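You will see chain A twice below: alongside chain B first, and alongside chain C after that.
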Partner chain A sequence: MSELVTANDGSSLMPGAKSLENREYNLFIGPNHPGVEGNFALKLTLEGDTIVKAKTEAGFLHRGFEKLMEERLFIQNIAIVCRICVPDPDPNEENYARAIEALADIEVPRRAQFIRVLVLELSRLASHLFTFGGHAGTIGLYTMPNWSISDRDRILDLFEELTGGRVYHIYNMPGGVRRDFPAGFASRVRDVLDYIEGRLPDYDNLFFNNRILRKRAVGIGVLPRERAMEWGTTGPNLRAAGFAHDVRKDDSYEVYNELEFDIPTLKDSDAYSRLMIRRKEVVQTIGIIRQVLDKIPEGPVWNKQPNPLKWRVPAGDVYVRSESSKGEYAYYMVSDGGVRPYRVHVRGASVTHGVHILENLLVGTRIEDASQLMFSLDACPPEVDR
Partner chain B sequence: MAENKLGSVLKPFLALKTLGEKPDTIHVPSEYREACDRYRGFHVNDLDKCIGCGTCAEICDNDAIRMVPVVGREAELGKTEYRPVIDYGRCCWCALCVDICTTNSLNMTREYTHIDEETNSFFIFPDENGIHNKKFPKGWQANKDINFLDLERVPMEALGPEQRDSSFVEIVKGFTKQQAQLEASRCVACGLCTAACPAGMNIPEYIDAIWRDDIPEAGRQMYKTNPLPDVCGRICTHNCETACSMGVRGEAISIRWLKRYAMDAIPSEEYKTLINQRVVESEGRSIAIVGAGPAGLSAAYYLVLMGYKVTLFESYPEAGGMMRYGIPEYRLPYDILDKDIDFIISLGVELKTNTRVGTDVTLESLHSSYDSVLIATGLHQGRSTGVPGTDNPMVFQSIDLLAKITKKEEFPVEEKMVVIGGGNVALDIARSLARKQKAKYGKVNLIVTSLESRDIMPADEEEIVEGMEEGIEFHPGRGPEEIVIKNNKIVGLKTSKCTRVFDEEGRFSPEFDKDDIELYEGVMVVESIGQAPDMSYLGTFADSIEYDGRRIKVDEYYQSSENWLFVIGDIIKGPDVITGIATGHTAAQGVDNFLRHIEADGITKIDDILRIAYSYQKDQLAQITQAEETASGKPELEELAGKLDTLKNQELSSLEILDALLVNPDTRIHLRQELPREILKDDFAYITNLESLDMSSGDTISSGVISRLSAAYALYNDLIQLTRSKELKFSLEILRGRNDQSRKVFS
Partner chain C sequence: MNSVIGLVVWIVFYPLIAFTVGVFLGGYGRKFTARVQRRVGPSWIQPFFDVIKLMRKRTNISHGYMHDISLMMLVSGTMLSLYFIPVPGFHYFSQFGDFVVIIYLLLIPSLGMALGVGETANPNGSIGISRALQMLFGYEVPFVLTFIGMAMLNGTTSMYELVQIQQSGGIATWGIVTHPLLGIAALFALQGMMNEKPFEVIIAPHEIATGPMTEMGGKYMGMMFIQHLINLFVELTIYANLFLGGAKNWFELLFKLFVLFTLILSVNSVFGRFRTDDAMRFMWKIPLPLAAIGVVGIMLGIG
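Coming up: the complex of A and B.
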């Protein structure tokens, strides 16, 4: 790493260099590093081991999703949007579909709405398990990633069975979902939920109550409560700062208003509470999915839409939002009445959390905590680069 | 959970309890994980079921699917020789292609592993066995409940039997705008219809225009290959609908009714402005067309657009031929027919009615006073069964009676009648007579017999069903034996059971069971077993002209062995309206070729110039490739190799342009309209001069050759600049895409 270490005036700060006039130096982290679920770089200015200035460098995963969407038929985009957030793809699919449904005044069958909630919550569960593993990895606890990623695979198995794909589901479609449950699916979902619930005590023992985690995570990267709203924090990161804010409750969509769940909050707003709020949400999500399985009605799962090659969506614009595992997720869609969207803007939580807030919180943090802090905010680079 | 604020040091070691457990991971390759029932793995395609419509390629959002021509497969009605090839470097496994497949032939399997160093191995041609020939079970498949396509037609409103059986009012009501747009939105624009249409109409294009509510554009698209769209919108045999890819799993698009909708939406007084067909300045050459039926009118339209003086000779009082004197009014109202004909006449075609060639004017005189003659006299002579009793005055030919109905001439309508024949003409006369009976006697008593059994009756199914609804009695599978006559009056038709119509080789060879005899009562018999041409007007040419069997021998442009004489319409191909129109269009190009060829002022025919240029380009390409091979690996020739590479690319693009010009049916008219005549003349002369240069001399590519090639390239560029029509560019795009595909696969 020594060749990466340079003084601010550009001179080399090789080990053994005598001059201490340049106290600050730059350090590049990434784009590949354990701190984030993708490629994302940090340019840090350090004084000793303490970060005095942080600049994020995004763009390594830029594929121009928003622009691509303008060039594709409405139906074709359902295969693109899921790629905007790999660990939690379904809010993209659901939001995209719901935006079109709002513009074209399409009714979604009730069964499809329940299935969508199920898929969204399974996705949240998978995403949180991923985060546990990722967070543990940043502080050198490597058993947890093995456990949680392996347990997450059980959810991916469910996705594979329901949607035909493990990671990219391409399952939500304007008008509903693409396929109904396969035979016996509900009971297998329950089995997986029971399994994951049964694993939580193991997780606690291994990770959440681990002395090392406490020592490393408590008090790291405190997002000031008074700044949280001002900086545009949403989702678990906001709830970890004590605000009971959740789009599923505040601006309910699909059938969330028919389901009972509480919004857990914590007060400390540090890396540890951001992790623990997700631990609580795993329990909450399992509860929601069980309710979905209890309440899901029979019926069709898709409301037939016109020939996708000749499908015009009425002109207008719409803003739809949802609660993803990362925070508030939204699509702003403009249609000019043609066969392709005129403009789609994706509002992900990751720009706020992963760029602006991270840059603020990193200042004053020690270098060894930078990765952990990043992961505790749970930002998703492709979503920044959309 | 957090009993201890500091956390535990020992509890993490509880994880050790899992040490003995079997891990979740599997050992590859000794272990294999089965994918789920609806896994989206590698594709399989039932190649026989697949019709090559290309809808999968159309919906693919990554351009991963390309349609390529498959060796050994040939295009047929409703099928192309193309099949999908998938690039797994691009595929995102979204399965939209499976969900939209018009035939359900394309599916995905549960196979998910492919490892290879060779990148080309990710470019696969899916068949029934899958990527590794392992016949994996199917994964994601089409679902009958969740279907992207609109398989059902928008219903067409029509008069019920009781509203129509005594009048000649048009039966079908036509689409409203809303209905038409809904129906048009079902189209996947695969183009199988265009391939099936004898006239090669731009069907997906006009359906798209209807869907976009751009009616004038729909009209313009139709007029490119068919100047009688109003007529075809009503009575076309619609091969397009038989070929329609939507018909495989559901109902074909109502292409005919959509055409009718679009043309009905254009008022006749706005034809000129909306269709906006420019007639180029007349060149003074004159053409005679004998017979103002669909073929004659079609030829007249395209010839007049190319700047010829056209005269139509028609023996009947009005133009239209079979469309007016054969097809009943309830299927094709006369005002609709007039709309089409009036537009063609209004472009400057001279129409001479009540003029029968052979009696009023001879073919010889036409030959001497016109530069070229097209004969399109059609089949207006009824064929007789020749059974005993057909000489009775109460035995009629359907074609004569249909003409009489149009001309409003009197003829006997009896209370009981028998029609012999199972084709559309037989149904036309039967249903017309049924209407007359109903009007005269208040009820229908009419029998239709045909050799063919019900399942192979050649008439359209809807005609038969509607005929039944109107009270016509059908006795299919019966052969006429004798018309029974007592006291010079017809008693009925004696028939025997027809045991077969065609022999094993499909030739017409009927056999009868003479023990199974039935008598169908009737005092009037109408024969409708087909029509024959009356070619007596050929006169002395009848001997000098060459024949191919019974028909006159013609080339691809319908030019006969007498090079000034072109033969089109039912007498050469068909018989049906759309084929007639197609022959007229092709013959118009043939006439143009013929007349330009004998012209002395240096302008040779456009097709020829394009072909010469095309073959010239191909030669150049071959030479350049050869020279490149020679130059490769020789440092002193590096500069030349670079030049050659540039040239090669130029040649390739020139070839594509020429190819596009050649295949576009509109090129001829288009060039005539777009290019100033002087430029046309000079530039094409230039190309021909280039062609005459001796390119084969010398083994090396000289700088002279290179400069000539550059000049040729510049010329083609000019040509493209001059022909900057959207349509031309469009076909270029298509062509370029096609070339890319084949190049990728076969290189």
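Coming up: the complex of A and C.
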């Protein structure tokens, strides 16, 4: 930093005075800032409108999920894991249940596996609709959040009917799911799918084909293709960089290998591509749910397990993973043969996307685009500090 | 004597009338936007309740005298400009100040806000103000140019006389009909003046946490609301007087204001906001050349 006033020999005449070249200032965004995704914060250093340094802070929602799980019975943790990602809770439940099933060698009835896929995909659909609204809000197009989030409510109605909960479902149990479809549920799911499919052209006209969105999102926050793998990107953000990687295909679980669906990819890897990849996935998800409804067999939905208060899961460790709307989720579970897990580690997509990648991509971006960039990566703040 | 009493009554009640119309316009705006967004929306007079609520709040934080004075500049600048805008039944002050005076007075609120928000030292507010002053150059230039065109055409800078001339020949003599280029250019500028999307870069909640309003609460925010509501009336009436033939009675004026506002709200509801530089670029690329072509056309005697 050069001194403000210097003598002919270069020595400072005003030692300690700040330089005129020091044009940087700090801006704190969050967690009550409208442009922040959840309880999260960005500490930005700006020069003019351009971000020169970015630091994320996720400690506003620390609930210590992983440590909590070590202190609770296996069955009690089902009510905890869903809270790790609010908009898309079901991959956590399913992963957790599948990890216990792998350790205890429990077989899941086929009907339950189909129902799990249905719930996972409905959750993905609801999460994507939420993301569309969030992203549109960052550019001031508030009609879209009102549309997509009210449409999402129809999915939440279905969840309420099936599981009793709208946001947190606590529905996937080791050995299956808690309850079967209520009467007429499948036809109501089809109605909601038809409705959402019919709304997509409206979304396109209002939002996805909106010239201002293109002007603002194209070329923003480009995640270089060669960096995408290196930085641990997964899910839609990776597919927007051109990699056709999807755990549902690559390491299939439940009954995904019996269902037909495509893995859409895009090449540009910018904020617009990351949004559009989710738009394309909505179509695939609707197709998957319809197939589930067509193919779902009759039968039980739960293999009864021992008394959960005394249930000792055999000692061992297991790593299970799944594809959530945010990216790849994985649970590493260690059991010492007791009634509680010895250790549960959650590998979520949001630490990678919402911290490391976001901090890197924010540098050089303008303040106008910071919020949009954050929403385009679609991180889940509670999952960052778990 | 009667005319003096009438004048005093107008001076006292004109701001109240403008505020009341502003409340209904603001309420209509919220209702309209809510319906586009498939919501029910608040009451038609919700802005009135908002102002009452905010003005009843006790303000514990002050950022100094300049902060307080700035809000007086904000409201008084808008109210002062109001007196120079002719409306049915009242055009007394129009003889003392023409369009140039109105434009000058309308700058006072922006400058007042800049002073006050600068005093709060909140970076979001400062960014918002710098955006507001940038945008001023964006929309003010084409808007002034459209007025220059109208003044050249009609040989007067008086808004009252412009209204009289337009009313003499019916719709055929309205500015928007005789010089659509100027009318369209001014419409773009009006969208920016009213800080509606796609030019809503000053408030931009997701970017700068509502900008100038970040440090405003309670009565300060209430004053900003009052200014905003009166400003709705002022800006829409200026456009109606320049390009829609003014109005012979209040019913006609209100009808024109609501139609014009509906047009602005429609655009506002289905567009996001530009980046600041894109907003400026748009203003200088579309409305400014349109206005310039319109003025050149008038100079060459075309139209």
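As a convention for this text, the second predicted complex is superposed on the first by the 361 of 386 C-alpha atoms of A that agree within 3 Å, B and C clash if a C-alpha of one lies under 4 Å from a C-alpha of the other, contacts with A are read in each partner's own complex, and residues count from 1 in each chain.
FYI, a residue touches a chain if its C-beta (ideal position, glycine included) is under 8 Å from a C-beta of that chain, and two chains touch if they have at least 3 such contacts.
If you're wondering where the values come from, they're calculated on a predicted model, not measured in any experiment.
Once both complexes are superposed on chain A, the partners chain B and chain C fit side by side without clashing. Contacts of A:D317 after superposition: neither chain B nor chain C is touched.
When the shared chain is aligned, chain B comes close enough to touch A:K304, but chain C does not.
When the two complexes are overlaid on their common chain A, residue A:L206 makes contact with chain B and with chain C alike. When chain A is checked against chain B and against chain C, the one touching more of its residues turns out to be B.
In the superposed model, A:G164 makes contact with chain B only, not with chain C. When the two complexes are overlaid on their common chain A, residue A:R216 makes contact with chain C while staying clear of chain B. Of the two partner chains placed by the overlay, only chain C lies in contact with A:G140; chain B stays clear of it. When the shared chain is aligned, chain B comes close enough to touch A:R72, but chain C does not. Judged by the touch definition given at the top, the superposed model places A:D336 against neither chain B nor chain C.
When the two structures are aligned on the shared chain, A:Y25 is found in touch with chain C, with no touch to chain B. Least inter-chain distance for chain B and chain C in the combined superposition, rounded to the nearest angstrom, is 5, based on C-alpha atoms.
Counting contacts as defined above, chain A residues 143, 147, 150, 206, 210, 212-213, 215 meet chain B in one complex and chain C in the other. Within the complex formed with chain A, the chain B residues making contact are 1-9, 11-12, 14-15, 24-25, 35-40, 55, 58-59, 61-62, 92-96, 99-100, 108, 139-140, 143, 145-150, 184-189, 208, 211. Of all residues in chain A, only 25-27, 29, 33-35, 49, 136-143, 146-147, 150, 206, 210, 212-213, 215-216, 366-372 touch chain C in the complex they form. Chain A contributes residues 72-73, 75-80, 143, 147, 150, 153, 157, 160-161, 163-165, 168, 170, 178-180, 182, 202, 204-215, 300-302, 304, 306-311 to its touches with chain B in the complex. Partner chain A is touched in their complex by these residues of chain C: 33, 36-39, 123-124, 127, 197-198, 200, 204-210, 269-276, 278.
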